[in-house]
């Protein structure tokens, strides 16, 4: 059973990567298990400045999923590099994926340039689901043009592989992915959360202080499979698939849809052992579906 | 250190029309302080449900909860022998400060006060108990606190626990409270000195990973599930809550 | 307890309306209960020509939901009017909602004109999630301009209230809704299904013969709440909300988000008694949330 | 007419490593013909799971199923006393045509053949039974068919039921089959005259509402859940399937 996969020259022992924002900087999970069993892991979304994020409540329950409106709480890129990365090094010996958010193209580039200097960081994942303050607040990721610009700006300042993380809140995700590839992206990550909302019926107002939040968890899995497939058909660069993955079977499904690696998000919050359980179950499920080498199945079910 | 434990339901008891007591058995070694909580996975629900530790010893755990939605409704139906997938030993808990503490609980904020009272007693400190209920029909555990030997007073409906404390004028050098936010605020405003307050928040994980529960305080951002739920009254930024 | 609501002059006893495509022409449900307890019901999506739809399999299970790729199977508008409507009249004495699909603007208008002559039909619901054969196959409903054009064309041929049914597979549903309102729509229905996909891991190919299908069921509810709210803030015409409704509480939530009435889709397939159960539970839930008159709560939680 | 019934599990029996028999009690009045099916709601799954009626009488119902996924896995764990939310009396069923029928079942297509054999016997018609299994380890119900008094032959692995029939050369005036599609096709191709075949489809509802199961036939579109699952061999459009 060979579970190795390769992302832009970086070979991972297995395709399982905890998703940004659901794994902090790994510390809380290191209390439960040895993080080195993971393929890699994604750091919390990082911005130039420290951010508190949105007021509480930030979390709401949904059928087979959850809403979050954390709002990119993070200590800012300098603190992440100076304080968090050295701590991460103590609990995880493989390269990590830095996740970068920004509200302007400059901010993306500036944060990327700083992470470029960190040996520990293997891949930059650029989250373009944030509202673009310079273009009326629509997310960078819903518009191919701004997706192109962010990609280009980040590629200029780093030699690390750049993976653009796309928002599913768009009518044509393949176009956005293609724009990123055209601008030089080394890979595509998808999907981020779907915009959702719940109400507090008693108080007759939105449950989340931020009004809307991002939907993730198994509920979004069929959408993730579809989008991974669409993007896989549109681009040649590798894809990190995610969205509702909760078991080894889901990993196989996203990979057959075109993902080279798979991030696991909300499942970590529900069950801190979600990733180790998936990694443990993988060989058995591979056997069940007669898969010798995991990298063989990438996109096998959606060839046109 | 939090731990993942499969507890077995030993008994379920109805305390009031909507409030239940569960006695569970299983590994409790992760629980070290009163005021900590557990987080329970329930069938068909995505997020775990946080409940305060009401009492515990080596191998047993008691919870008390009020039915308010799908999760607690399901929990009210468990049967002896059922198992509950639980993260246990979560949160910071109370510090057991003081020689003459008053413990103030409102509604489902009362359960942690029971373990707290017992912990004080083990230190040979006798706390006084003030409990607030919506109505006499909603009352529970008054006798249980008295059986511990604690002087226990209860307020109902429009009489608030703070009224009770104002009336009784207890001598105290520390206070601990858990209950709805307006109660905590009233308590902090009225009580002398620095006390400990336990807060609630909607939680994505309960063990510090999602920062879904982070609140601003005067001493910086705090995750209610790790740096809380118990916080010092003088660090609360009441405006920011 | 007053559960009455009014849609463009049509007063319904309650806001519960089985959604198009999940209720056939009512016959199957009439075997389970008296349909006259419903507010109204939506006929199967109807096209100009009879359609077989997509090959099997057309259905896939999802977490808290399902995919369907029925592909608008229907006997065509003439058969619906001549054969089905008289049968419907025997089991349902209130006005029904006709649901119209088309692959060109002409087709929409032609089918609408035919239903305009049917006294039994109270509202025309125009499903603009279908691919626009004249504009590269993108759905009418993802583009404000074609949504405008369909609305205008249909309004020209009918005096019945016209409700435009929107697709959620778009970055800005409020813009599409606004375009429909500008073109004279009397109301907006939303949401149709989200594009999803599942794979058959054993066969290593898409589970549905059509490759992709539409996701519906509780999984999509938070997205429906968000979109109903966004549209409610963008338009003044009434909204029929739907997407994942499975209990009376969901009805209240969608109404508080801005819906005047609520359609119930996939829940009918899972449990033929879904609608009667919801209608029975409504007064109790209204009491719980201190609602005297259901029409009072429309949009109450999302006022800006 | 379909009906919604809450059946109670009476017994669960393991027949092979992955195949189980369930005996249920409850209202069976909606079941009128062998070949009909029921559709069962299971915790945490959205769609119901269709299973053929294997046997029924006034107040009891028997099902046999193979574990292939989440739904059947869950069903394999039910305990006596558990209840199953079920739509019952679905589909058309077999017509009980002929004086010398052969009944052909493959794998989980075998269960409906049991009720069918009994129904023929009640009409004083003695059917002959041909069963196909992947391997001897997968075999079940051979004895049960023999106990009914029916001559019963079984094929395993690469030997197909059609081989069996070709070998035995039974005299028959009608045939009924249920099993995987390739088997149905082979049977229809080989057997003389017009027979009845039972088909499977992924179902959204099972009672005709969603047209999720509609297939093209030579006599028009048919919903497998209402106008099927049993269809005449001469109406099947094998190309369109």
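Chains here go by letter, A, B, C and D, matching the order in which they are written, and residues are numbered from 1 within each.
We adopt the following convention: contacts are C-beta pairs under 8 Å (C-beta built on N, C-alpha and C of every residue); 3 or more make two chains touch, one makes a residue touch a chain.
Just so it is clear, the structure is predicted and the values come from calculations on it, not from any experiment.
Novice: By the touch criterion stated at the start, how many steps lie between chain B and chain C on the shortest route?
Specialist: Steps on the shortest route: 2.
Novice: Measuring centre to centre, with centres taken as mean CA positions, what chain is farthest from chain A?
Specialist: D
Novice: So what's the Cα centroid distance for chain A and chain C, whole Å?
Specialist: Spacing between the chain centres: roughly 33 Å.
Novice: State, to the nearest whole Å, the distance from the C-alpha centre of chain B to the C-alpha centre of chain D.
Specialist: Computed value for the inter-centroid distance: 55 Å.
Novice: Measure off the straight-line distance from the CA centroid of chain C to the CA centroid of chain D, and report it in whole Å.
Specialist: Their C-alpha centroids are separated by 36 Å.
Novice: In chain C, what residues contact two or more other chains?
Specialist: Residue numbers touching two or more other chains: 60, 62-65, 217-218.
Novice: Two or more other chains in contact with one residue: find those residues in chain D.
Specialist: In chain D, no residue touches two or more other chains.
Novice: Looking at which chains touch which, would you call it a line, ring, star, complete or other?
Specialist: Ring.
Novice: Output every touching chain pair, sorted by label.
Specialist: A-B, A-C, B-D, C-D
Novice: Name, in rising order, each residue of chain C that touches chain A in their complex.
Specialist: Where chain C meets chain A, its residues are 60, 62-65, 67, 138, 142, 169-172, 194-202, 204-206, 211-212, 215, 217-223, 225-226, 229, 244, 249, 252-253, 256-257, 289, 297, 300-302.
Novice: Can you tell me which positions in chain C touch chain D when the two form their complex?
Specialist: Per the stated touch rule, the residues are 21-24, 27-29, 31-32, 44, 52-53, 55-66, 68, 70, 73, 217-218, 266, 268-273.
Novice: For chain D, which residues count as touching chain C in their complex?
Specialist: Listed in rising order, the residues of chain D that touch chain C are 1-2, 4, 41, 45-48, 87, 201-205, 207-216, 221, 226, 240-241.
Novice: For chain B, which residues count as touching chain D in their complex?
Specialist: 43-44
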